[in-house]
Amino acid sequence: MKRALPAALLTLSLALAAGCDGSGGGDADQANAATGPITIWLSNNQEELAWGKAMVASWNGQHADQKITAQEIPAGKSSEEVIGAAITAGNAPCLIWNTAPAAIPQFQKQGGLVALDSFDGGAQYIADRTGDTAEQYKSPDGKFYQLPWKSNPVMIFYNKDIFAKAGLDPEKPALSTYDEFLTAARKIKSSGAAQAAIYPAPSSEFFQSWFDFYPLFAAETGGTQLVQDNKAQFNSPQGQAVANFWKTLYGEGLAPKEMYNGDAFADKKSAMAIVGPWAVKVYGDKVKWGAVPVPTSTGKPAAEIKTFSDAKNVAMYSACQNRATAWEVMKFATSQEQDGKLLDATGQMPLRKDLQTAYPDYFAKNADYKQFAEFAGRTVEVPNVPNSVAIWQAFRDAYSESVIFGKKPVADSFAGAAEKVDQLASGS
Amino acid sequence: MRRWPNVVRYFLLFLGALIFLFPFYYMLIGSLQSSPDTSIKGAFPTGGLTLDNYQDINSRVDLLGSLVNSGIFTGGVLLGTVVFGTIAGYALARLQWRGRGVLFALVLLVQVIPFQLLLIPLYVLIVRGYGLADNYLGMILPFAINTTAVFVFRQFFLQLPDDLFAAARLDGAGEVRILWSVALPLVRPALLTAILLTFIGPWNEFLWPFLVTKDADMQPLAVSLANYISTVSARAANPFGAILAGACVLAAPAVALFIAFQRQFISTDIGSGVKG
Amino acid sequence: MTAATQNRAAGLLGRHPVGMILAAPYAVYLAIIFAYPFGFSVWMSFHDYFFAAPGAIVDHPFVGLDNYKAALTDPAVGQAFKNILVFLVINVPLTTGLALVLAVALNRVVHARTFLRVSFYVPYVTASVAVVGVWLFLFNSGGLVNSLLGPLAPDPSWLVNEGWAMPVIAFFVTWKQLGFFILLYLAALQNVPNELYESASVDGANGWNKFWSVTVPAVRSSTALVVILALITGANLFTEPYLLTGGGGPNGASASPVLIMYQRGIQQGEPDFAAALGVLLVLGTLVVAYINRRFIEGRDS
């Protein structure tokens, strides 16, 4: 009995594992042509959900035999687990409207995604809608496994009241070079106008670097991704300059090392924040804010500055049976009309090359969003490479060790991380 | 024991109770604030409290429906654990049969395995193998018989004096009869402790029921509230307050149940029934 | 059942074959719910594996002990095991000691019984997600704890101090779980015969003596239970470093093995590595639990 049990377990598990790999799937060509009802998942943040429900209603009104069922998944931490588990179990929906680009390489490796190029005119549709920016969303095999949907190009928000209190110009603050930024930050701190000059989350989750290091790195390098040609790019003089800039902020206590429970900018504990256009709605009247591009060492003019896109995309999952319908829904929901509604409802920027000319009324009415729209064409995405999440975690660990907690020189930590990242990016 | 100075004991107990309660008290106050006040004075407000955070939850979450789902989920787990867990615990503690050692080793093993290790294979098994997505049974299954509770049952059956069982067997009682009329009544406090332990798991569990249910009408309170928290935390007028209000809503039924039943946990007569 | 049949069956099925029937539902339950996922995890730990969609054609070659080697040589894993050791050294004795002392004190309480018991129990019923928020407020640099300590407050503050992050988590878990362990002890105390105390009194023992010579030995098997459960809770620590220190910070000083399993296995798509780490963790916990049983339970059958 004692010896038989483990052996029995193993046999059982192998049999079940084999069963899992063998069944399901179905003929891809057949699925690509099939139409019928589909299920989609929407992110559960209020504004996006409102848009999504209206979009579904308007589609369902016209397509009685191809109805969409929409379900919600949280926008936060656990969405990638849920999608990963659903892919493995074969019960993922047809479309997910909030697929993080960083998760695409893993889902693709799992065989969970449908290449959109397999539809007639698929690649062309993406190129026509998004323009050159779309290139960043192509996978290493040259195919699109995601439809670039919307971006949240990030900028620096500052609190005008705090700036005035600190004796800084609240209308045109000098924040374009590192020196200017540091001078302003020291003044904010020493004058006691706010506890912190800026307060990015100092925690170790892999995605936190998107909102401190990466936007400044994109600006400093003129648009280099963290990894290019399977090589880590951050261990360069520019990358180290960005890191040392943050290290100064942390070292002098201008940026706190402790997690803040809540929103430091909204609570007026921090004078600045790195945010996307969603912030316009959120901070609206609560804070008197202004926005400037992220700083660079030399103070590049705003028109040359690139920034992190914080994009969310749409992907089609291989469990989908009625893929022809799913593809039509994808196009329907990213049409100029629906994109306009999305912009109206959420303030997030549809990834369209004609963004500003397509919706002149909106930008005339909402001048606050115009500066974000200008950046929308100059965004840098996370690299679409194997082991994407592991790479960001390796980078974050090195960053946390050297920049936030100052245990090691930046050069040492970055060199170690670059070696690890090179290895991960080459797919091993 | 009687010589323990009473005053000192009460003083220390009350002090401990206050320390234990303070974070909870603070949670309650925080949930009633219209804007977060993290100063020390904020912990002892004199006014300005509001129920807005609760009203907001009520307008966004189907509280009653979620509560019913939570009840079914937790009730199913409790039923499975009480019925099958007690008898398994008894068999493990008091009876000698072939395979007992193996099963007890498995009890230890299962407790020691972190749930995160099993998460995805278990999900594949239940959703794909058994087809139980969006189903109460799918929610209940991984927790259906709480292994820690089985372990606790075993331990308490072990503690009962051997003579008691020898006497009952001499009287010619069968093993099932001994379990039912001798052993079970004696371990009632333990039974309630184990029920409590079992209750907390599914009541606060978020990840599993969330993975299994995508249909909002099927989701238990912990899932609805976690979804609510994840959306409002960035957007609400007072995100901190909203989170704390959600936590209070989740905790309130559990605390209420405990207060209602706590007298049952320690029934002072039981001790005298067991004479060694 | 006659004595004769009992004896015949004893050879094959044990002295009480009915035990098999009583334990059967639970055994079947374990087989259908845990056998496959766990067997599968063990299998995974010896292969180059990642989760794939049904129908996807992927190769999962056997790699022997490679995943184990990778897990054992990963510095983050070593750090996590060290962290958990710190956690256990603080949490287990504190939990056991406090739970027993408080249970004995509460057992004799006549006034305000409900209030006192509920107070110690409330943290246990409350979801971690919620109380973590409050602890962050208490332990951050401008928080209540530091205001009380004044110049004695550590710098950097608790949760971002590499030396203090893990102890704070250990205190948090002690606080959170204590109510349950108090209840375990309270239930056990009901079974301690009063005569033992009475005869000890006759022998002239004072309260302290009675605690050590009567209470502690009488609840010994509960102590074994409490220690094992506290050990297991500690070994499976996840939620607290995930939420309280933002993913095991500062600088990995509060990362736990399960947190790393979660990061590598679920977030980063390396379930084979995570499975190997999980198996190592399970083995480690079993060894510690076994040693503990030997020490505390002693004479147990």
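Here the chain labels run A, B and C in written order, and each chain numbers its own residues starting at 1.
The rule is short, and it goes like this: a residue touches a chain if its C-beta (ideal position, glycine included) is under 8 Å from a C-beta of that chain, and two chains touch if they have at least 3 such contacts.
No experiment lies behind these values; they were computed from the predicted model shown.
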{"item": "Farthest-lying chain, centroid of Cα atoms versus that of subunit B", "value": "A"}
{"item": "Of A-B and B-C, pair with higher C-beta contact tally", "value": "B-C"}
{"item": "Distance between the centres, which are taken as Cα means, of subunit B and subunit A, whole angstrom", "value": "38"}
{"item": "Subunit B and subunit C, separation of their C-alpha mean positions in angstrom", "value": "15"}
{"item": "Two or more partner chains touched - positions in subunit C", "value": "36, 38, 40, 51, 54, 133, 137, 142, 266"}
{"item": "Numbers and ranges of subunit A residues touching at least 2 other chains", "value": "16, 20, 81, 84, 88-90, 261"}
{"item": "Multi-partner residues of subunit B (at least 2 other chains)", "value": "98-99, 119-120, 125, 128-129, 226, 240"}
{"item": "Subunit A residues within the subunit B interface of the complex", "value": "1-2, 5, 16, 20, 41, 44-46, 71-78, 81-82, 84-85, 88-91, 261-263, 267, 282"}
{"item": "In the complex with subunit B, residue positions of subunit C that touch it", "value": "1, 12-20, 22-23, 25-27, 29-30, 33-34, 36-38, 40-41, 51, 54, 102, 104-109, 111-112, 114-131, 133-135, 137-138, 142, 144, 147, 175, 178-180, 183-184, 186-195, 197, 206-207, 210-211, 221-222, 224-225, 228-229, 232, 235-236, 238, 258, 261-262, 265-266, 271, 274-275, 278, 281-282, 285-286, 289, 300-301"}
{"item": "For the subunit A and subunit C complex, residues of the former touching the latter", "value": "6, 9-10, 12-14, 16-17, 20-21, 23-26, 80-81, 84, 87-90, 92, 106, 109-112, 195, 201-206, 256-259, 261, 318-319, 387, 389-390, 393, 397, 400-401, 404-405, 407"}
{"item": "Residue ranges of subunit B touching subunit C (in the complex, touch as defined)", "value": "1-4, 9-10, 12-14, 16-18, 20-21, 23-24, 26-27, 30, 38, 40, 43, 80, 84-85, 87-88, 90-92, 95-100, 103, 106, 108-122, 125, 128-129, 141-142, 144-145, 148, 150-152, 155-156, 158-160, 174-176, 179, 186, 189-190, 192-193, 196-197, 200, 203-204, 206, 222, 226, 229, 240, 243-244, 246-248, 250-251, 254-255, 258-259, 262-263, 265-268, 270-272, 274-276"}
{"item": "Touching residues on subunit C, where the partner in the complex is subunit A", "value": "35-36, 38-40, 42-43, 50-58, 76, 133, 136-137, 140-142, 156-157, 159-160, 162, 245-252, 263-264, 266-270"}
